[in-house]
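Input: structures, listed below.
Look for subunit A in each of the two complexes below; its partner is subunit B in the first and subunit C in the second.
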Partner chain A sequence: MTDRPSRVAATEAQRDARGIAPLRPEAIAAVATFVLSVVLILASRFVSPALGSWDQAATVVVLASFLIVVAFGQGLVILIGGLDLSVASLVTLGAVLATTWIGSSNDGAIYLLPAILIVCGLIGAASGIGVTLLGVPPFIMTMATGIIVGSVALGYTSGTPRGGAPGILIALMKDDWAGVQILIVFVVLFAVLAAILQGSTSFGRKLYAIGASARAAHVAGVSVTRMTILAYAMSAVSAGLAGLMLAGYSDGATLRMGDSYLLPSIAAVVVGGSSILGGTGSFAATVGGAVLLTTLGTVIAALGIGEGWRTVIEGSIILIALLLLRESTFAGLKRLLGR
Partner chain B sequence: MIHRRLKATKTVLLAAAMTAALATGASAEDKIKVYLSLSYSGNSWQSEAANVVKALAATPPYDKLVDLKEVISGTDPQAQIAAYESMIDAGAQGIISFPISATALNRTVKRGCSKGVLFFMYDATVTEPCAYNVSYITAGFGENTAQALVNALGGKGKIFLSRGVPGNSVDKRHTDGAMSIFKQYPGIQVVAEYYSYWDDRTTQTETAKALAAHPDVDGIWAQAGEYGAIQALKDKGTRLVPMTGENSNGFRLALANPDDQKAGLKGVSAGSPPATAGYAFKLMMEILTKKRDLKPMNIQYPLPWVPADQVKLCKGQKFEDGCNVFPSTVVPNSFVTEVFNPTLLPELSLQSALEGKPTPGATIQPLPADVVKAPDEPGINCSSCKAPADEYKLTKVEATVKP
Partner chain C sequence: MSADVTALASRPADPPASAARRPRWGRRLANGAGIVTLLYLILYALYGLWDRGAFSAYAFTNLVNNAAPLAIAAAGETLVVLSRGFDLSVAGVMSLTNVVMATYPMEGPQGALLSLLMCMAIGGVVGCVNGAAVAYLRLQSIAATLGTMIICRGLSLVILDAPGGTVTDFVSNTLTDQLFGVIPVSGLIVAALAGLWGLVRRTDFGVALYTVGTDETAAALSGVSVARTRFLAFVGAGLVYGVAGFMLTAQTATGNPNGGNPFLMLTFAAVALGGTSLSGGRGGMIGSIVGAATLMLLQKVLFSGGVSSFYTGIFQGVVLVVAIVFSRALSRLLDGRRR
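Up next is the complex of A and B:
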């Protein structure tokens, strides 16, 4: 009987937490980006009657898949307050190694594909070591890594990457499995696993801690150096994986393959509501950001207007989305709805 | 202001560093000093073009005559200007180059000419009259492929235009030529027009986007990157459509593939040949070795033109017996096949194109005496000039359907 008051207090505290949880800015950002994407797809019926279909949504998922994978790694690095400018070169490296080491046969794909990802991971780890142990700013370190890797790929292939994509990668990108495109299943699985890794494991939690304050994380017993190196390695592995997917998608490699994913990978993370300074954000929202950016590209491409205006519209919408998805907007919303 | 000055300082430093590097590299003083200036290297086209120049320079007797150095300066005109300046100061006798801009390099080119440097531009051109331009651009890629597509479509249908790089004079010339034909046919409807940056993968994603809005497209007019358009169609389903594109090995193989033909693919492969680089280099060497007397002029390289029924698989390492495509096991899909020319460049083989190495046993063969003068194209190969009235006349194909 005597412990009753404290139990009441406990339930009250719990209720409070539950009331706030659904309105976490990351969750809203994730939902908002997906809702915006769906609205865009449905509204695009007015642009062309063929749009607004499941077919278009499938196209968007395929085109967004590369960005989602690259943005996962980029997101981890941004989460700890860094930036990875080497992703473009690592995407290219993944694709080039897949076509030169394995080629259109499937010989040795089972162990060569993981080997490619390990090579990418080691390169990422090198960036991480430069950032942590040598104290080079992430911007410079990853730019240097990117230039070196890109140039090595150029030299290694003497400009013409040979060979086609391994059959297993083509199957991943193009085949159906019981009427469902394998790639869509793959992307969903990747997104779920990645979201769990970032949001619910001690690995992910430690990254959030480092992003919030590296010093505090260190005091709390997090090995900041090791986690930072790991984050850069993960980013490089993700970029390499996207490269493998791109090789399968276009059945071959070109040396500029990765270029169109560098800035969008950063944009997807930020549009998804993460702070560019680190410490906040969720991967679900990044996926939303990637899907939104890709949907936007698809719809705008169908508008049939000049290239200049197309880019102006795209840029403006990204800016508006960023402004709307800011934390202060959510705080305002919360004030309006919550009280 | 400060920013601009910093940038200028940077350029000067860069030029100084390059001059030093170029100067120390010159070992054989009695050899003819030639520089190969690329703006960018990183796609099959650019590296094949550079490779054949390197291969020719290493083929006897040129291997004893010429000292060739390659400089890749990036995609900024100012970087290429700095590179040219350094080459001129290092005592270049000839500069063979893929120019990044038709106008921005003119002043430097003129300064070089006044010092006796020969400038040979391949594929892309400059409007400075003291340079030699060797290019297919004036040979009518746009209008001829457009007419071929119209013929294949019977004069009506919805089409995509897969273009090159926005704002580029070559893309504009091609597209203007194509539109001069499409406009004559009210039945032809351009439902989507997008920039694919002459790149397979970009073409594939941009075509995929256009297909989402227009799955009922009847034909595609494409510049380089065309193999990506076929990939995008295949990703979407089993239906292919008539299309025209440039010279990728993948596209030519598809044109000749019975399965792809059955799915609806027909068309023609034409467009930019990396072989122009080799031709330009040999012309320059003949002038430098006093075997030819030729004043600066615009030289037209013939437009490669291979309709589906003329695609023929090569068994060996070069274009022989009229063959014009290689098995997919030998070269990647993005390989640009028109790097060979049995008449003008018999010295070259796949090894030359892919690795820049001379063909074993080959020696340099003299070029035919005559060169073809290119018509004037304002903003492309001349500045204050007028295009001929029949600028867009058809040369490779006739209209089989009336507008």
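Up next is the complex of A and C:
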């Protein structure tokens, strides 16, 4: 793991940088990822005339919605210098509980849906307690939680989840409201609220403080233990919510449902320019990262090439994005803009 | 008062006589491979209790064969983890080498040797890319190796898009056989790796590895080339993953483009279980090897103990957390006693 670019930050700080807040790396990363996504969608018209339309953009948002929700929680945990490897199992758990507890009817959905999210939150809190009070490294603690939850979901469903998704979830994922998909409204609302929660509330600022230095945050009066447990709980709730959405989207659950969201959720956060060591980044940039990765996925899928090369391209994109979104690139950009 | 001063002054020079001797074996027990070895022996006893054939050379060879790929992969990962990094490419390299071997089988012992060299070359190249990205381009190790892992996964699918291929008899039979009817060949290969590590950790590189992982700035100040050490750690790890892929092929006797995927999480679990600190600077390969063996033995024990395969994950997760909490508590206890 490379060291935190503290020396760069220190020299930057000697100059008075307060007046140029809009040029923060996070802001550039967020804008850059969105611009890249739009350019990609427009450029994909050359690949196939069917692409590059407003419809395709809407499809990208729908497909990205799950990743955005998971990446929010993952981003909070990464922000405090942790990592949540249990999100895959919790996505699956959310979907499995939705189909087994509620099923195709809407009976009791009003209190069972929140109950599912609370269960997920408690599991996340357990991870947080393991990390803080027991001192288990986050990597191991969340991996263990993930293995345990996955195993419970497997045993609970005897290997094959049955039943459809509650109507209310299907409506959320599929229905229109005055010509606009409800899901798109929901995702935009979620993103705005989440960005405010992470960026502008005392909850979010405390997480930034912990990520920058847990000791300094403690000295400054932040309850590090409680905030850390909360962050892991939030991550689990986000993953559970994504599971509910997935259940509604595919009208059912599978045990491998969450697997394809673990690594992308980390990738979305990192491509959005956050440091994996915590303390930096913004949720807007993470949303940009998630949208960019999903756009790439759909465009590459439309190229009509085999899964192998498609995967190779996806991996290369991550490396290229990392190279382009490096701190030094931003430093160079700033110098170029003559500050 | 003067007595206090002399006591204070003499303390740093004093330890060799009384203070250091007892804690030294105690610390070794707590930090390194000690606890996990103990756990292994306890599990083996349980296994013997439930399965009469557990102590036969055949059963032992089976255990060693099962554990060898994971043990070697974890040994390689240890190099990177010690230097304070994460290397996710382990799963990709194992898949890639596995499908390359199954697609281009080479007969006889010479062919096997050539295959081994080829596997190590592949791992070495991937390691060079990782090392360059992390050490010189200063990308975050989790993110950069996530990219290379996905690329390797894609290349594996390009080479072999479905499980299949052929593995030569020499590789699949001789390498999983016993020498003189007692000693498992795969165990010898793991032992050779452990022996090599014993030499390497005494070289300048070995010392630098621990120094960089403990405190990068201090290492740089004392003349250690941090970037070079990191680079070499990734290259070394890549070479070892190549061997792990080779042994995976020997054990499964088939090619599978997704064959390496299950090893991603297990490798880190084995490293952590073996007492290596995931934040770098502490631990070693031997612990990781025994950690890997313990994880594989645990599955066997649970199976022979009649636990439904649905629920083995619960035990794996709990054992992982308990072992790490226990070893932390014990090492803190011993540290406290020394003070």
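By our rule, the second predicted complex is superposed on the first by the 319 of 339 C-alpha atoms of A that agree within 3 Å, B and C clash if a C-alpha of one lies under 4 Å from a C-alpha of the other, contacts with A are read in each partner's own complex, and residues count from 1 in each chain.
The rule we apply is simple: a contact is a pair of C-beta atoms (placed from the backbone, for glycine too) under 8 Å apart; a residue touches a chain by one contact, two chains touch by 3 or more.
Since this is a predicted model, take the numbers as computed values, not measurements.
By the touch criterion defined above, A:Ile210 reaches neither subunit B nor subunit C.
By the document's definition of touching, of the two partners only subunit C reaches A:Leu134; subunit B does not. In the superposed model, A:Thr99 makes contact with subunit B only, not with subunit C.
In the superposed model, A:Gly159 makes contact with both subunit B and subunit C. With both structures placed on the common chain, the touch criterion links A:Val70 to neither subunit B nor subunit C.
Contact with subunit B, but none with subunit C, is seen for A:Leu255 once the two complexes are overlaid on the shared chain. In the superposed pair of complexes, A:Leu277 makes contact with subunit C only, with no contact to subunit B. In the superposition on chain A, contact is made by A:Leu319 with subunit C only, not with subunit B.
Contacts of A:Gly297 after superposition on the shared chain: subunit B is touched, whereas subunit C is not.
Note on subunit A: of its two partners subunit C and subunit B, the one contacting more of its residues is C.
According to the touch criterion, the shared surface of subunit A, contacted by subunit B in one complex and subunit C in the other, consists of residues 154, 158-159, 307-308.
Taken together, the subunit C residues at the contact with subunit A in this complex read 84-86, 133-134, 137-144, 146-159, 161, 216-217, 257, 265, 268-269, 272, 277-280, 308, 310-314, 316-318, 320-321, 324-325, 328. Residues of subunit B touching subunit A in their complex: 41-44, 46-48, 50-51, 166, 191-195, 199-202, 204-206, 208-216, 228, 231, 234-235, 250, 328-329, 331-335, 354-356. The touching residues of subunit A, when paired with subunit C in their complex, are 1-3, 5, 83, 85, 130, 134-137, 139-141, 143-148, 150-152, 154-155, 158-159, 263, 266-267, 270, 275-277, 306-316, 318-319, 322-323, 326, 328. The touching residues of subunit A, counted against subunit B in their complex, run 44, 47-48, 50-51, 55-56, 59-60, 62-63, 99, 104, 154, 158-164, 174, 246, 249-257, 260, 297-298, 301-302, 304, 307-308.
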